[in-house]
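Multiple structures follow.
Here chain A shows up in two complexes: once beside chain B, once beside chain C.
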Partner chain A sequence: MSDSNDLLFYVGKRFLWAVPVLLGASFLSYILIHLAPGDPAQIILGRRATQEQLAQLRQEMALNKPVYVQYWRYLSDAAVGDLGRSYRSQQKVATMIAQRLPYTLQLAVGSLIVALGIGLPTGIYASLNRNEFGDHVSRIVALLGISIPNFWLGLMLILLIAVHVGVVPIYGMTLVTENVLAGFLSTLLPAVALGTALTALIMRMLRGSLLDEINKGYVQTANAYGIAEHEIMYVYVLKNGLLPTITVIGLQLGYLLGGSVVIETVFGIPGIGQMTLDAIFKQDFPVIQGVVLFVATVFVAVNILVDTLYAFLDPRIRLGGEST
Partner chain B sequence: MSTVTESTDPDSDRDAHTERDYSTARERVLSQVRQSPLAMIGASIAVFLLLLTVVTLVDRHLLNRTLITTLLHDPYATHPENRLQAPTLVHPFGTDEQGRDILVRVIYGAKTSVIVGVLSVTFASIVGVAIGSVSAYYGRIVDMAGMRLMDVLLSFPAILLAIALMATLGRGLENIILALGVVYVPTFARVTRSEMLSQKEQEYADAARVVGYPDRNIILKELLPNCLTPIIVQATFSIALAIIAEAALSFLGLGVSPPTPTWGMMLSKGKPYITDAWWYMLFPGLAIMVTVLGFNLLGDSLRDALDPQEQGEGRI
Partner chain C sequence: MNVPDDARLVSDPDELDDTALSRRAFGRLAAGSSAMILGSSLAGCASQGGGGGDDSSTSDLGVSGSAPDELILARAGDGDSLDPHKTTAAYSSQVMTYLYDPLVIMDFDGNFHPAVGQGWEISDDGTEWQIEVTDGLTFHDGSDVTVDDVVFTFERFLEESLSKWAAGPMSSVEKVDDTTAKFTFDAPYAPWKTYSGSNSGYFGVLPKDAVEEKGESFGTEPVGSGPYKLEEWVQGDHVTLTRNENWQTPSYPEIEADEPPIPEQVTFRIIPEATPRVQALYNGDVDIIITDVPPRDVSEIDDKENTRAKTYTSNNCSYVVFNMQEPPTDDLRVRKAFAHAIDKERIIDDIYNGLGKKNWAPMSENLLGWAGQEVKEQVGYAYDTEEAGKLLDEAGWTMDGDYRTKDGNRLEIELYSTNSPPARLQTAEEMVSMFAEVGVKANLTSFEYNTAYNEFGKGNAHVFMATVAWFDPDILKFVWASENAGATNLAFIQDDEIDALLEEGAQTIDQDERAEVYKELQIEAMKKCPCQPIKTFESSIGLKNRVQHFKQHPSLLTSVLSDVTYEN
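What follows is the complex of A and B.
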């Protein structure tokens, strides 16, 4: 089989695997909200609704039907992008997500840039200067980075920089599509707060996997052949050592999506995270359900993408090697 | 116990090394952990917090807060006249918006973090280890079903799954423990499964099967004890993650109900005063960070001592 066929086969297999997972995820998010206390008809109509009105609405919403019928209805609607309507505003959940998503994406992408921009160079630097001063400093910083709660870091940044230094806003977010500079400034602190844990994780992973690579036989062989050290490092070691780190980054993109709920609350960013939290306090179940299902789908898709990238970079994986 | 555990004589290095290889894994780990200052710091923080938790639990439920009130202040008594005072000798961490001493509330808040961290990880490890070992041991359809179930749980970002579970379960200590427990089950299932798969192929496992041991005994008494190393390392890191997650849930208003002080809730209550009262933001957050740092330091050192190859930290 040719190389590209292998890759296609691998990607196809990966897609098929995602189907049961997504079905499970949709069922879990459905059943979770189904079990939540509170009668949807009562929540929508409020306390003053009469028994007849309640009964009629329950009929319309098929609340009297068995759970699997309701779930099937939800699933077939969700498959065509209809996530139902908010109990409170009667707006379409899919529309609400689409309106809020740009803010969450801007935060997530900003955090990823912070994490990669700081994590990759420091990880490489630390492994090249093992046990020297810079390595020790970066390891301590990384350890602090995985230990600091992101929302507290956000609060401290507001306290230290936004309040005393100024320049960056303390609250809210401007989209870069509206105003590039204001967008950049308003994303800076939240992105640092959310991205720090990922930065630290990348530093730790990369240092570890590069050190593993440096100790492998082929590096000695390359040395013996007289290949320049920087060439060995950047051409061979880095390529192999980056692979496990890519997987970690892929898996942790879910952290950026989930963590945005907390960071959006700290910085008052009107993204899907804050929308979800509002929905929880207002018992607006279709919104919670829609966001949870949407995020799970995005997360699964990103993981397929990362696996594809991994398979593209490392032929051992698509040729049937066990990826653990 | 080995007779020669530490030797100062450089010539006996080889002997000491051989000796070490004959000692049990537990002795080896303990001696390595003792020699690393970072590990000792981590272990001290963890032990201190566990003791503090026990003492505050006794004080709260048996002594009706007399111990802490005698030594420092009452964590629940409000003094509106003292509201938002900057740190002084009487109130080293300052006071909150109801005039309560922040130091004693930070001390009292430790128990929620520690209880949630330890119990949710205990739940996650028991369920995860059960799923992981059964999956690995029986393989085929059982493995397929178990692991796809774990994939479903992993398809949600950790904190979002915890938030959704809290939305269903409602606030409360037991519910946070359950929610975070469920979130961390897949991590333990995966770690156990991969370890069990390699143990299953060992000769002693074949021997146990040939002799006719029942499956349950082979899993629990033969295989599982040899899989514990990475599970313990994972548990240490998971406690750190669970403590951060609990604080985040409390900060969002999805934690335990007031007036029980928790670090996350203190940060949430203090947020409106961020520009006037820096101490209100600083100390509860520092407490979370030091606690989490302690468990991470311990996890790092245990991992280095037990299993230098292992890289996993679970999901953040």
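What follows is the complex of A and C.
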């Protein structure tokens, strides 16, 4: 098989694997939600509803059918993109997610830029200057970054920067598609608050994996051949050393796209995280269910992307490890 | 996510905060004419409980300055739907109040004035209510407000409103002629006067054509005839309303200027987290924190040079329910003992930082016929552990070590509570120790909010931490009527005399007489000790000092935007 066929086959296989994963995620969340106490009809109609009203609605919503029948109905609707309607607002869940996604996306991209922009260079720097002063500083900073709770960091950023320095808003987010400058400014603090832990994680991951690579035999060989150090570093070491970091970034991106409940709440960003939290408080099952399915899909998609990238970077992987 | 106990996002009218008519206002519910409130909100807006307007502006300062182009109101959460029949959320009501006009409207003194209708003509037997539709009103889409819209709205209300229980024995709505609609009830129904005169939005008049055309999307693209129309709604972020230029500014006793300034735009900003919500008020991004002022920040807001805080009595009341069917709380002496064991002062001071007023009846003191004071004097149940001990002794529960026993069984009860808001659960925890002080072992279990009510309704537990909020005393039907036992009547009280008084209260159209009926009801019911009321909640709003002449309805707890100016 040619290389490109290998890659296609590999990606195709990954897509097939996605089906049981999504089914599993939707099934588990559906069952868990329906095992939890609480009657959807009562939730919709309120505590003052009469028994007749409740019975009628249960009939309409097929709530008196067995759970597997309800689940099958849900699944067949979801398969064609119909995630149902919110119990509360009567809006389509898919529409609600689509409305909230741009904010979450902007926050996710912002955090990722912060994390990569700081994490990658410092990680490389630290690995090249192992046990020197800069390395120690970066490691301490990384430890702090991972340890500080992001809600606290968010509140501190609001109090210290938004309130006292100004320029950036105290709450809310403007989309860059509406106003580039306002969008940038309003994303700055939440992106830093959310991206700090990821920055630290990337830095530590990268430092560790690069150090592993630098100590490998092929680097010594390359050195012996007299290949320039920066070429060894950037062409060989980095390509190999990046692999674990890419996995981490991929996984984290999945989390970020699911919406950060904490940061969205602290900064008043109307993203998916805030919507989900709200839905949980209000027991708005279709919304919770829809978000779970959406996030699972994003996770699977990002993972396929990461795996593909992996396979591209390291041909051994797409061959199922035969040649190692 | 600091959500004060009485301002939490609610989805059930039972929990709707700040939605009352005061006794005072109720007492004065008479006739009246030719005035109307500009915009108000049943839920979550504020007033100096029963004080007659909120601001310094009810004085004779006169109106100076000009209306702000945009008035920005902050709150912690957002509504779900702006279709009045599809929501019970307080945050929705807060917006709907500006979008829709009610049939009639009540002024600050409790007089009713024409709105979409000219006023009620009630038949002698109290079952037929006719109303003439005001001529010349238009909806935001330019169409005329007609009697057909009124009939359509209330037929739809009866059919599908989540608040349709509030229609009581209403059986039909029909068109009499081109200007008159007739509402028919199976029995006289006094609360309808209150409801039709409240501009909570729930009872607003909707345009038939627009509702039918928009279908499901009416909830996000609402059309009403109120003072503001929806400009933009980014859910979870903000709701922006713009002034409806066709809306006629009414002459209204509380509005001082002849041509009152009205803000061109009103924006509700959703700021879930307490710190940025308060900081946004300090730095001027926000004019008013309309609900959800964190209790811990109230004094700081008031002390700052540029801001001030107003605290008002809400329509929310907390009470401890005793299950009257299940031993040992089926014994009146045991219930009385439990009532004596509860120290309201300790709860208010330790858990609520002193916010809230002690109560002796299970409804807010803002409501018509509130008899807290009378119950206190005539029935009692003051905090008295000695009395509690004596009663338990009488009931045969005697001290044996740390706890009481009878026939070898320990006095052990199941205490249920919701797990939110945190202060509610803390109160329940505090009660465990209060019960322990009189030798009662209480096992506390907490549940998710609605689940807690459902679980207690199953009848296996003994004591429950509940709240009740509404703006008409008819709410006591949910608390005490036999037919609601196990559903909303969590004490399982089933008593013919109480049922009869509840019916009488609902059917007495004269408000003074009606108040007396409810007073008798509370005294009679509390003699059976179905509950121990704790407190009427108090809430606050925070304002920029530059915002002047911001008034609130003293009884509906609604905000009035006519006259609002920025200080020059």
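Assume the second predicted complex is superposed on the first by the 318 of 324 C-alpha atoms of A that agree within 3 Å, B and C clash if a C-alpha of one lies under 4 Å from a C-alpha of the other, contacts with A are read in each partner's own complex, and residues count from 1 in each chain.
As a working rule, a residue touches a chain if its C-beta (ideal position, glycine included) is under 8 Å from a C-beta of that chain, and two chains touch if they have at least 3 such contacts.
Only a predicted model underlies this, so the values are computations on that prediction, with no experimental measurement involved.
Once chain A of one complex is fitted onto chain A of the other, the partner contacts of A:Ile148 are limited to chain B, with no touch recorded for chain C. Within the superposed three-chain model, A:Phe281 lies in touch with chain B and with chain C [touch as defined at top]. Once chain A of one complex is fitted onto chain A of the other, the partner contacts of A:Gln42 are limited to chain C, with no touch recorded for chain B. In the overlay built on the shared chain, the residue A:Gly12 is in contact with neither chain B nor chain C.
Look at A:Pro244: by the touch rule set out above, it reaches chain B but stays clear of chain C. When the shared chain is aligned, chain B and chain C each come close enough to touch A:Leu159. Once chain A of one complex is fitted onto chain A of the other, the partner contacts of A:Pro121 are absent, as it touches neither chain B nor chain C. Contacts of A:Thr265 after superposition on the shared chain: both chain B and chain C are touched. Looking at the shared chain after the overlay, A:Gly172 reaches chain C, while chain B stays out of its contact range. Within chain A, the residues touching chain B in one complex and chain C in the other are 36-37, 155, 158-159, 163, 265-266, 281.
Chain C makes touch with chain A in their complex at residues 1, 9, 11-14, 77-78, 80-81, 83, 86-89, 162, 165, 216, 219-220, 234-238, 269-273, 275-277, 279-280, 282-283, 285, 447-448, 450-451, 453-455, 478, 487-488. Residues 20-22, 24-25, 28-29, 32-33, 35-37, 143-144, 146-152, 155-156, 158-159, 163, 197-198, 201, 204-205, 208-209, 244, 251-252, 254-255, 257-259, 261-262, 265-266, 276-277, 280-281, 288, 292, 295-296, 299-300, 324 of chain A are the ones that touch chain B when the two sit in their complex. Residue ranges on chain A touching chain C, taken from their complex, read 36-39, 42-50, 85-86, 88-91, 96, 99-100, 155, 158-159, 162-163, 169-173, 265-271, 274-275, 278, 281-283. For chain B in complex with chain A, the residues that touch the partner chain are 148-149, 151-153, 155-161, 163-168, 170, 194, 240, 244, 247-248, 251-254, 267, 271, 274-275, 278, 281-282, 285, 288-289, 292-293, 296-297, 300, 311, 313, 315-316.
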